[in-house]
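Pasting the structures here.
Shared between the two complexes below is chain A, which has chain B as its partner in the first and chain C in the second.
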Partner chain A sequence: MEKKIWGAVAMLGLGGLLVACQPGGPKLIDKADTTSDTRSGYSYAEPETQAMQDDDFNNPAMLWADIGGDQWTTVDGEAGKSCQSCHGEAAKSMKGVGAKFPIWDAKLKTPKAVEMQINECRTERMKAQPWKWESDQMLGMTMYVKMQSRGMPVNVDVSGPMKAWLERGKEFYNTRRGLLDMACSHCHVDNAGNMIRANRLSQGQANGFPTYRLKWQKPGSLHRRFKGCNDQVRAEPFKRGSEEYLALETYVMWRASGLPVETPAVRN
Partner chain B sequence: MKRKYLIAAAGMVAIAMAAAGTRAEMAKIMVENGEKIPQSLTGTPGNAENGRAVVIDRRKGNCLACHMIAEIKDQQFHGEVGPPLDDVGSRMGAGELRLRIVNPKIINPDTIMPAFYRTDGLHRVAKKWQGKTIVSAQEVEDMVAYMLTLKGSYSN
Partner chain C sequence: MSKKPRIKVPKKAAKGEIVQIKTLISHNMETGTRKDKSGKLIPRNIINKFTCTLNGKEVLSANLYPSVAANPYFAFHVRATESGTFEFTWTDDEGKEIKASNEMTVA
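Entry: the complex of A and B
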């Protein structure tokens, strides 16, 4: 289990860098940055849930990963290509992707999530229809791509144009919202480890997405989780793929710096 | 010197028994010294038994999400986010409890605890909850009455 709880050092290193080049922006709660022991949601999960994640034969998310694996080699669209036509073996070409996304999209001028990259390849290079964000195919392919980085430390590049998005995500993270008037940080920074009714709050780390939730009986995207946490505090959520959630993904993935990619994680 | 300020002025919601979530007129709230709301929001005495039900109800008080209350042993899973409330009725009077429930941010601006009777100063409230309070004015009174019964350590 210890192998999954590394990375405090990398996190601090990054934090130091960031502080060093930070202009006098808006004053926000700063606790998230000083978290000295970054911990995966895995370390807060029940042993049975951990065991389910650890064993690929028992991990219920593998059904979706298999959909992704099948699609990888399936020719689709007018260009007559599959993912494999351009990228060859996923185990080689996709290694590292799950650790470094979101990356900067120079064309859209926003951060680019893996889901967006997949649809970019489908529409522009395969001339195929895009997949819906939360469809089984998209969940499966995102999972299959990210899985190729399992065990690698999360390491998002937040330099250059990504820096402004990191700041925007951080502001979102520390802003109270909804009728219950809570920020992400109230639960996942101030109360990580505490029980909130029947749930043990974790740090809300994103290193295992798409994650299979026992409560959902299926895997969900990170943006679905964002929406769920917005709904819980009775706040108006944003759309999957929205600028707000892309900024939030940038910040939340940066918070996970150093944690191993666990996709597909299992949580209750 | 006692300062009194009016937070929201509108008709008293007495008989209306405005169920939580309805667009009721807000009850009149007077905060004294930033530490208590001495006056009842409705003029109708609180019902402790109903207050206990509201405290448990996940759609209403849901206080157990964060607080442990030993007396409510018929419910599993009491949270650890806030302090246990077992003896709160000996430590606080009705006015202090009422302020805590109406809007704890008046006491601690950084608290995670929601304001259970407030519609202003909130950000991006979901459409179906806009202009509504988490619980009704009478439910605040009922919870205050219940909290006042929590005295001494609970055994058994």
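Entry: the complex of A and C
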């Protein structure tokens, strides 16, 4: 009898422990490959921040995505074309496109980010003025294009000439820099999940960019985030669209392979 | 680049039903305490007033203060009494008024 009671108590105790563990544990966004330890920044975010991202109305980045949607059909430049003139409905033609970037640019002999593709279309096909990397229009359009791949797995082709860039990006990622003498990997590999002051470090996965950052109070490009990280270790940041950041983008996006595109994500 | 406010009002509602209205607007909400690169204070420019009217009658009015974050979001509930137009007005410190409206049919 006594044994039985103890057994029941032990069971209860274990049950209680299991229940206690669950709500605190990280929530994974529905992801095909849950066996791998690749985790979206979403799973590190506070529940309130996750709720902002989950509700398309509440997500403030949508104000910019709306700009992108408007610009998609806006005729601009001497050629008298809009994005829609060539590509038709974005929901169809851009589905899955954003998940593949960066791609190889045979002309420039560098990886090509979505922002570069947009400006290439604008200057060559539309004969319009290029947009600045961090302008509202560029953020909006990049977001709008990538949004069409939401939920699809990040899938960067790193074969052929991209392989060298992947290696270059990986080297950048693991190179110590700045006064603090820190590499990307020190935070996002060795200490992912730990606190850095009041913030929780994530794996630094880039599947939600352009991301609305509550700190910025607006969305920002991936290269803005790179600059921010470089600044924080007191290193000299590179320019948006520079070869260094394109290599890094190639590596970081490849690292996020299989994670669903979350653009536009919301992070603290 | 001006961004249009986002508004969500149900198109139809039953009489007496309580409906939710959501609004989201883009605004810097400059607090007035930040300094620019030369050390000068950046003047305050926030949305200080938000109102919502139904057919000209006020249903909600709010005063905002500098601790409200950029791109303010409002969600509130209204009892559907009559069909008509909801008008939303945001007023900022520069006196700029941003307006938007949305129809709702009460059956």
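We take it that the second predicted complex is superposed on the first by the 232 of 268 C-alpha atoms of A that agree within 3 Å, B and C clash if a C-alpha of one lies under 4 Å from a C-alpha of the other, contacts with A are read in each partner's own complex, and residues count from 1 in each chain.
FYI, a residue touches a chain if its C-beta (ideal position, glycine included) is under 8 Å from a C-beta of that chain, and two chains touch if they have at least 3 such contacts.
The model shown is predicted, which means the values in this text are computed figures rather than measured ones.
Trainee: If we overlay the two complexes on their shared chain A, which of chain B and chain C does A:F57 touch? Say first, second, both or neither.
Mentor: After superposing on A, A:F57 lies in contact with chain C but is clear of chain B.
Trainee: State whether chain B or chain C is in contact with more residues of chain A in the superposed arrangement.
Mentor: B
Trainee: Scan A:D66 for contacts with chain B and chain C and give back first, second, both or neither.
Mentor: Only chain C; A:D66 stays clear of chain B.
Trainee: Thinking of the overlay built on chain A, is A:C86 touched by chain B (first), by chain C (second), by both, or by neither?
Mentor: neither
Trainee: When the two structures are overlaid on chain A, which partner does A:D136 contact: first (chain B), second (chain C), both, or neither?
Mentor: second
Trainee: Taking the superposition as given, does A:L214 touch the first partner, chain B, the second, chain C, both, or neither?
Mentor: A:L214: touches chain C, not chain B.
Trainee: So, A:E236: does it touch chain B (first), chain C (second), both, or neither?
Mentor: A:E236: touches chain B, not chain C.
Trainee: Examine A:D190 and indicate which partner it touches, taking first as chain B and second as chain C; both and neither are also allowed.
Mentor: After superposition on chain A, A:D190 lies in contact with chain B alone.
Trainee: Taking the two structures together, which residues of chain A meet both chain B and chain C?
Mentor: Looking at chain A, the two contact sets are disjoint.
Trainee: How about chain B: which of its residues touch chain A in the complex?
Mentor: 58, 62, 64-66, 76-81, 105, 112, 114-115, 122-127, 129, 132, 134
Trainee: For a test of understanding, state which residues of chain A touch chain B in their complex under the given definition.
Mentor: Listed in rising order, the residues of chain A that touch chain B are 175-182, 186-187, 190-191, 194-198, 201, 231, 234-237.
Trainee: Provide the residue numbers of chain A that touch chain C in the complex, in ascending order.
Mentor: Checking each residue of chain A against chain C gives 57-58, 60, 62-64, 66-67, 135-137, 214, 217-218.
Trainee: Hey, which residues of chain C end up touching chain A in the complex?
Mentor: Per the touch definition, chain C meets chain A at residues 1, 3-4, 6, 8, 22, 24-26, 28-29, 69-71, 73.
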